[in-house]
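Look at the two complexes coming up: chain A is in both, with chain B in one and chain C in the other.
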Partner chain A sequence: MFAEQLVLEGLLSGAVYGLVGGGFTLVLGVGRIANFAHGAFVAAGLYWAVFAQDQFGVNPYLALGPGLAFFALIALGTAELFERRGRQVGEIGELLIGLALLLVINGLLEALYTDSPRTIRDFTLGGVPVFGFTVYGTQIAAAAFTFAVAAGIYLLIRASRWGRALRAVAEDPLAAGLHGIRVPATQRAAVALSIVLAAAAGIVISPFTTIYPQIGTTFLITAFAVVIVGGIGNTFGALLAGLGIGVINSLAGGYLASYWTTLAPLILILAFILVRRERGVTA
Partner chain B sequence: MSAAQLGRRWPWIGLLCFFAAAWFALGAVSASELSLLVLAFYYGLAGSSFSFLYGTVGIFSLAQPVFLAVGGYTGVYLYTQYGISPWLSILISMALAALLALPMGFLALFRGGTIMTALVTLIVAEAVPPILAAIKPLGGSVGLYLNLQPGSNLAAMQFSGALPFARLFLLGNVAVIGFFMLFKRSRFGLWAAASRDSPAAAGACGVPVLRIRLAIFVGSSMIAALAGLVYAQYNLLVNADLFLGATTLFQVVVVALVGGAARPWGALVGAILVTELSYYLTQAASGRPGISPLTFAGVFLVIAILAPRGLSGTWERWATARIRRGPRRPAAAATVPGPPSAGAPDRAAQAEPTADVEREHRR
Partner chain C sequence: MSKNRLFAGSVLAVAALLSVGACGSSANSSVGAQVKTVLLANVEDLTGPASVYGIPESNGAQLAVRQINAAGGIKSLGGAKLVLKRFDTASNVDAGVTQAQAAVNAGAAAVIGGEISDTVLAGTNVTQRAGIPWLDTGGTASKIHQRGYNTVFQVTYDSAQFETAVFDTVEQASRQLGIATPTLAIPYSQSSYGQESLQAFLQANSGKYKVRCEFSYPLTTTDFSSVAARAAACGATDIVNLGYPTDGVALSRLFATQFHPRIKVWAATGMDPGTAISQLGSAANGALTIAAPAPGEKGVTAAFDKEFAAYQARFHAAPTVTSWAGYAAVHFIAAALERAGSTSGAKLTAALHRVTLTQGDGDVYSYPGTLSFTAQGTLRTAPAIVAEIQNDKIVPVWPPAYDKSPLAAYPF
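Coming up: the complex of A and B.
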């Protein structure tokens, strides 16, 4: 029974990892940018929910719509910054911008909210008893949101004209450009979408997450693990990898010492790097 | 001495003058300013380990704090458990850092690419605190503390004030800057530059690219271990937070990049600027928490946007452009072709990863 509980818990948290990693795989695969601030945008989403509750008394789900609009604006500006630096300085310029944004967001959150952990107060969607323990409604809502977003992105990439452009740019930007695809605009869109997804993930998981300014770095590492295991640029692989990593983390935390939850993704990443599985689990 | 000889030697003369002036000036500053300078010199030395790695072979490693922790833990552990002097522990910690750097460097460089290396090293750095917390002989999450000796004890590297530590860090900075300047002009340095600029071409010419990168990764880890050991002695304690805390993890890289990571002086310039700025802004904000990391981040963002080569890199580029342009002359005379400027520095020595990427991008 204990193992089933751990697996279920792992699947629920893995769905969140999949959502965070899905955005990161887009930006790495299509935008070809290692946005170090990806996890920090998840943290910004979490604090958006805190801000909405503190200032307006609204729950995170009501804050989601305005949050998406706000982060879409931020994302467009950030994508433009990445694009401009990339054009002028190259890969290292983008890396510096990502790192600087990560530090600025962390610093701002710490200056505004201090480094004391926060939670969303007095908000629940009830719970469902499964395998002898309670799965909270907010966790189910987050998992449902993840699957809905993953399905939406999958359809968008597979069936739409814009999705074909994304795939073409991910495959070969030069050839895509020669076929008339506006490569910079497509890359900007991928970066912006990934940032909005990261912030959305933060807002959706806020009801059951302990929130602190540096949580973004943890999410960045999880996202990287998901991308390496799932394959760069592969959103379906990211979802599968997220679920797998969630289960492994949960089992490691349940049966081994607590620090194994941190070490498990690291060992997975190193193993995948060493065996050189370029396309991840879906290969 | 001819003007050309003097021109070649002026960086060394400048370094020696700086060392002498700073050595004596440190004796005259106030206690609070001295502790600030210890911090700046520590970041300068730690940042130099990153600069050495990034400036010579273009490896963007975020694992330098791990080697700082190796140095810190080795010195404190050996002294508290076996009474081994920290001076001797410097060598041991450097050897341990080198041993750890070999497999870590291999993993980080295995797949190649700046992004992959940066992410892998970041993950390694993030994995270390929980491991340290689980090792009981190293004090778990609390860490290890040094017993305070009365007065100064040279053998135990404990002093009654901050001045000896400031001078020790100053000496370390000057030594590393000098080594960096020598290295860039050595045969090994030129191989490293070739490996950085075009690994494929360097490999085709017989340069052992992976071995050079690994060797420099190991060398930079040893510099970091030295900085970590002295800093732990200064603080009389060592724990994961001191080197690998959420805010301290990136500061080593930030100071180097703000100052100009490809330049020998870059890390020290960046460390002094950012540390001083951070201190005075925190004072201005009445000690409000979060201002210090925000200052580091803000300065870094501005530099990343406006001057990705860092302060010293941008200044050097501006000065080089001025030398090449030469003195202002009438329009008619400017059209007459002349010999290249004697003051123009060697391009191979001035090259840096950012400029190479830029050239590649334009091509």
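Coming up: the complex of A and C.
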């Protein structure tokens, strides 16, 4: 029963990792930017849900639509910042912009909400008893959202003209440019989409997450792990990798000493780096 | 050439004499009635994760400074006013050294503050060398006073005092709730704080209750599901979490709404009860946690009620455990300054070892009746209060003065 609990919990957590990693894989694969602020945008999404409840008494799902619109604006500005300023300086400039954004977002959240842990109160979609514990309806909804987003992005990338442009830029930006694809615009769009996905992930997981300003840093580390295992630019791989890492984390936390909880996914990443194929877990 | 050397040597000698003279005059100026202000350095985590403790501590210190100055300042120094200058360590251990040095350079007579033990350990190396006292308001590590530093004072409970209080409460709860054979599950944070807390708790237990499982989790844990599942699966009657505020809130929620462990006692020692109630609502009920005194409680003095109201009026928030530590620290320094009649570090340190705060005069706690330091710099009796959250209210259940408070089984 205990093992089943851990596996199920791991899958639920893994779906969240997949959603967070899905956006990160786009920004790395297409945008070619290691956006260190990616996790901070997840935290910003979490606090958007807190803000919506505090100020308007609105639940996170109702806050999702306005949240996506708000973060789309932020994302476009951020993508422009990366494109216009970051690329002028080079990779170091992009890294510094990411780090600066991470610090600014963390600092703002801390200033506005302090470091006291927050939760979304009095909102539930009920629960289902499974293996001796209760799976929240909100967890199931978050997992469903993840699968829907992963499928949507997969279809977008495979079946649309814009998706083909994304793939072309991810493969070889120079060649894509020579074929008439507007590379900077495509990269900006990928960066913006990844930020919106990060914030959406935060809003969707807010009903069952204990929220504090620095929570984004942990999501960033997980996102790196997901991208390395799932393959850069591969959203479907990110989903599978997220599920795998979630289960390994959960089993390690349940059975092993604490340092193994930290080490287990890192060992997995190292193993993947050693033996990986081009497209990660889905190769 | 030799004349030049002689000249240079003379200049150096004169400079050395002047600097010695300057040191002497500086020391002399701290004695007597000419001092107009006394600088206290508040080296504190005012930003970052530990600011949840640091800001209330600093507020409590400001309240005390304001009141002491309003009452005429330090009379033995001719009515000198206290000036509190804040140095932000930003929850960064390394800043303990740099900010302590900045405080020393600024001419602080004493330092108060510190919520992270490692920060206090680092910062007190600087103040000990400078010979000025540091009153630690939140660092609970026993190492802080075990190094033989005579200038370091802990105005809070250390790990041993704190975990003794927690174990006593768990024991009291198990007895009151009629648990025939109490057993323990102890998830603890994989940090120096968590590990020292575990050692202190096990020492307090000293084999009395069987420990069914004890396991640590990383400091960076955000998803506590596997921790909750593991603790619930231990099959213990009592779960005791030795961790941080976020850990307690996350575990309380998971226990109440997802894992439903078959336990009678749930102690989340690092959790702030006010935060737990505001964020978890009824899911916080039944948790045992450390608490600050509140108006209307048994044994609480009228002076406390007054200070509580003053704090709320000024800072628009209820004071926390660290608020009163900051408040007491300033009162300790003020009492020591009165006694020493000097801002000299050596005299102030000696006076701090001798002063006693009484209820209504710096000691706001209903328990113990007085506050004073041992030779090692710890409080003789630490003012720890353990409360149970019942019906969204904080109900003190320990120390023994609260022994008759009804304790409810978990889940509430």
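The rule we apply is simple: the second predicted complex is superposed on the first by the 273 of 283 C-alpha atoms of A that agree within 3 Å, B and C clash if a C-alpha of one lies under 4 Å from a C-alpha of the other, contacts with A are read in each partner's own complex, and residues count from 1 in each chain.
Here is the rule we use: a contact is a pair of C-beta atoms (placed from the backbone, for glycine too) under 8 Å apart; a residue touches a chain by one contact, two chains touch by 3 or more.
Since we're looking at a predicted model, the values are computed, not measured.
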Superposition on chain A - do chain B and chain C clash or fit: clash
Touched partner set for A:58, first chain B, second chain C, both or neither: neither
First (chain B), second (chain C), both or neither touched by A:140: neither
Which of chain B and chain C A:118 touches, first, second, both or neither: second
Touching partner for A:99 - first (chain B), second (chain C), both, neither: first
Which of chain B and chain C A:214 touches, first, second, both or neither: both
Touching partner for A:110 - first (chain B), second (chain C), both, neither: both
Touched partner set for A:34, first chain B, second chain C, both or neither: first
Contacts of A:259 with chain B and chain C, given as first, second, both or neither: both
Partner chain(s) touched by A:81 [first = chain B, second = chain C, both, neither]: first
Region of chain C that runs into chain B when the structures are aligned on their shared chain, from 96-104, 222-230 or 258-266: 96-104
Residues of chain A at both interfaces, chain B in one complex, chain C in the other: 107, 110, 114-115, 214, 217-218, 221, 257-259, 262
Chain B contact footprint on chain A (complex, rising order): 28, 34, 36, 81, 85, 87-93, 95-97, 99-104, 106-108, 110-112, 114-115, 213-214, 217-218, 220-221, 224-225, 257-259, 262-263, 265-266, 269-270, 273-274, 276
Of all residues in chain A, those that touch chain C in their complex: 1-2, 5-6, 9-10, 12-13, 107, 110, 114-119, 121-122, 127, 133-136, 209-210, 212, 214-215, 217-219, 221, 249-255, 257-259, 261-262
Of chain B, residues touching chain A in the complex: 60, 107, 110-111, 114-116, 118-120, 122-124, 126-127, 130-131, 133-134, 246-247, 249-250, 253-254, 257, 288-291, 293-298, 300-301, 303-305, 308, 353-354, 357-358, 360-361
Partner chain A, residues of chain C touching it in the complex: 47-52, 55, 190, 215-218, 220-227, 229-230, 232-233, 245-246, 249-250, 253, 257-260, 272, 275, 279-281
